[in-house]
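One structure is given below, represented as structure tokens, and several questions about it will come after.
Order as written gives the chain letters A, B, C and D; numbering starts at 1 within each chain.
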Amino acid sequence: MRAKPQDPDFDTRVRNNFGEQTVMHTIGARLTQLEAGRAEIEMPTRDDLAQQNGYVHAGIVTTILDSGCGYAALSMWPAGSGVLSVEFKVNLLAPAKGEMIRVRAEVKRSGKRLTVCTADAFAVDGDKETICATMLATMICIEAKRS
Amino acid sequence: MRAKPQDPDFDTRVRNNFGEQTVMHTIGARLTQLEAGRAEIEMPTRDDLAQQNGYVHAGIVTTILDSGCGYAALSMWPAGSGVLSVEFKVNLLAPAKGEMIRVRAEVKRSGKRLTVCTADAFAVDGDKETICATMLATMICIEAKRS
Amino acid sequence: MRAKPQDPDFDTRVRNNFGEQTVMHTIGARLTQLEAGRAEIEMPTRDDLAQQNGYVHAGIVTTILDSGCGYAALSMWPAGSGVLSVEFKVNLLAPAKGEMIRVRAEVKRSGKRLTVCTADAFAVDGDKETICATMLATMICIEAKRS
Amino acid sequence: MRAKPQDPDFDTRVRNNFGEQTVMHTIGARLTQLEAGRAEIEMPTRDDLAQQNGYVHAGIVTTILDSGCGYAALSMWPAGSGVLSVEFKVNLLAPAKGEMIRVRAEVKRSGKRLTVCTADAFAVDGDKETICATMLATMICIEAKRS
């Protein structure tokens, strides 16, 4: 998906929105890359975000997959837009372990109201990335909340 | 789904497993009810688990939906079993706000290896419950990790 | 979901729409029950709709699950509405065999634009119903096509 | 996904399996390409497979998406393997119209028992392909039925 964003200043708008997601601070996730229709988020693994085997809980992996899809979608919409998740589906492919979880999300088809995104999550150890989960999601464009 | 559990002592086994999910402590979630094939989890809402509008992030709601489904499934399997999520799909239906999020999960079809579960999440304010999300999930039975 | 339909004449409108789905005739499916927010479809099994084991193909089961969800949603919307599927997820639970496949669909949450539905498909032999698949779907309300 | 297939004769095995899906003949679908981990299916559009707007019904598009994923998965498994769908999710992206529907499916992660696949469906008119649907699916490896 290489369509042109409708808002040339999408970068600031998306980063501000990310900054308002308090849960991103709580779990230690950062928006590490952003292009029109693409977002990357990284989160160092932590012992207090684990399921029963010590891996990062699928719901926490989903948290960053979902935000990745949301910001990939939001980057394509006009100024004044906000984003909400309509639905998503996640397949868990391997243990979410290692130094960090990295998510790469992108727009599959950008619509005026509904945008479909895909995202992969990788378990990262040094230079090695192992895909650990994948998401297919629908995002909806709403009016941004007023400040 | 009113099938009989294969392990009469499922309650202890499931509660111990829940206790090992450090993320449940981190987000303040508690396993409030457990029957064969059913689990209920409650989590008070908190400002540090929010998305950009101040509601609980969809990924955090997913975290307790997923654990609810996992423990509903695990309750039906034999002693020595563990559980992993294969995949899940979530539809977001309303803002996850109020005093707490309550999840009710149940087994839809219990299999030897794969079990399909459904779960609803409710935004709770006093006596009022509003459905805010729903999950359809596949769980896989594995050997429990050795202690 | 027991909300009141916005169009008291939803029955005729939905049945006409069903009649326009040529694929329903091709696979021999009939709309056997319709209430506000609920639809039932039946399709006798046939050898020419099979996958490699002789069961009804998952895609054909999906065809009637999807139409069931669509008509459950459409029954709740105002006159002049049409329906399209945004997305659906299906879990296959048992072989789709026997005399017929019966689908029961219902609205989970009816919205102005987006409505979330669930549907179960049953393999029917005489009086015996075995659940063989389940769907969680999002339908969107559009303007009906002009005739 | 460029992993090596475990059965060098996967081509014959997969094509025979496809030939046993009577529904593929009924809807006029053909397996037009097959590599290890990839399958392509084409189906000319037909008036008797339509939904109420005259487009190919989402369930029929799903039928070929599902078979595409199944054969992509089956191509990677050992001789003697069969395939069943565990679950799939489909997003509908544009009307399924034009001369034919073409599906390209590929393995995302091949496992011993469970394999995750993705597939895109395209509405084809002459040289022009428009993506009309996308699937994320889980397939399970079973013993092939005896002949």
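Following the convention adopted for this analysis, a residue touches a chain if its C-beta (ideal position, glycine included) is under 8 Å from a C-beta of that chain, and two chains touch if they have at least 3 such contacts.
All of these numbers come straight from a predicted model, not from anything done at the bench.
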Taking each chain's C-alpha mean as its centre, the one farthest from chain C: A
Chain pair with the higher count of C-beta pairs in contact (B-C, C-D): C-D
Centre distance in Å when chain B and chain D are each reduced to the mean of their C-alpha atoms: 33
Geometric centre distance via CA averages, chain D-chain C, whole Å: 23
Chain centre separation (chain B, chain C; CA means) in Å: 28
Junction residues of chain D - those touching two or more other chains: 86-87, 89, 91, 138
Residues of chain A that touch chain B when the two form their complex: 17, 20-23, 25-26, 47-53, 57-60, 62-67, 82, 84-92, 145
Residue numbers on chain D that touch chain B, as the complex places them: 86-87, 89, 113-114, 138, 140
Residue numbers on chain B that touch chain C, as the complex places them: 89, 91, 93-94, 108-109, 116, 118, 131, 134, 136, 138
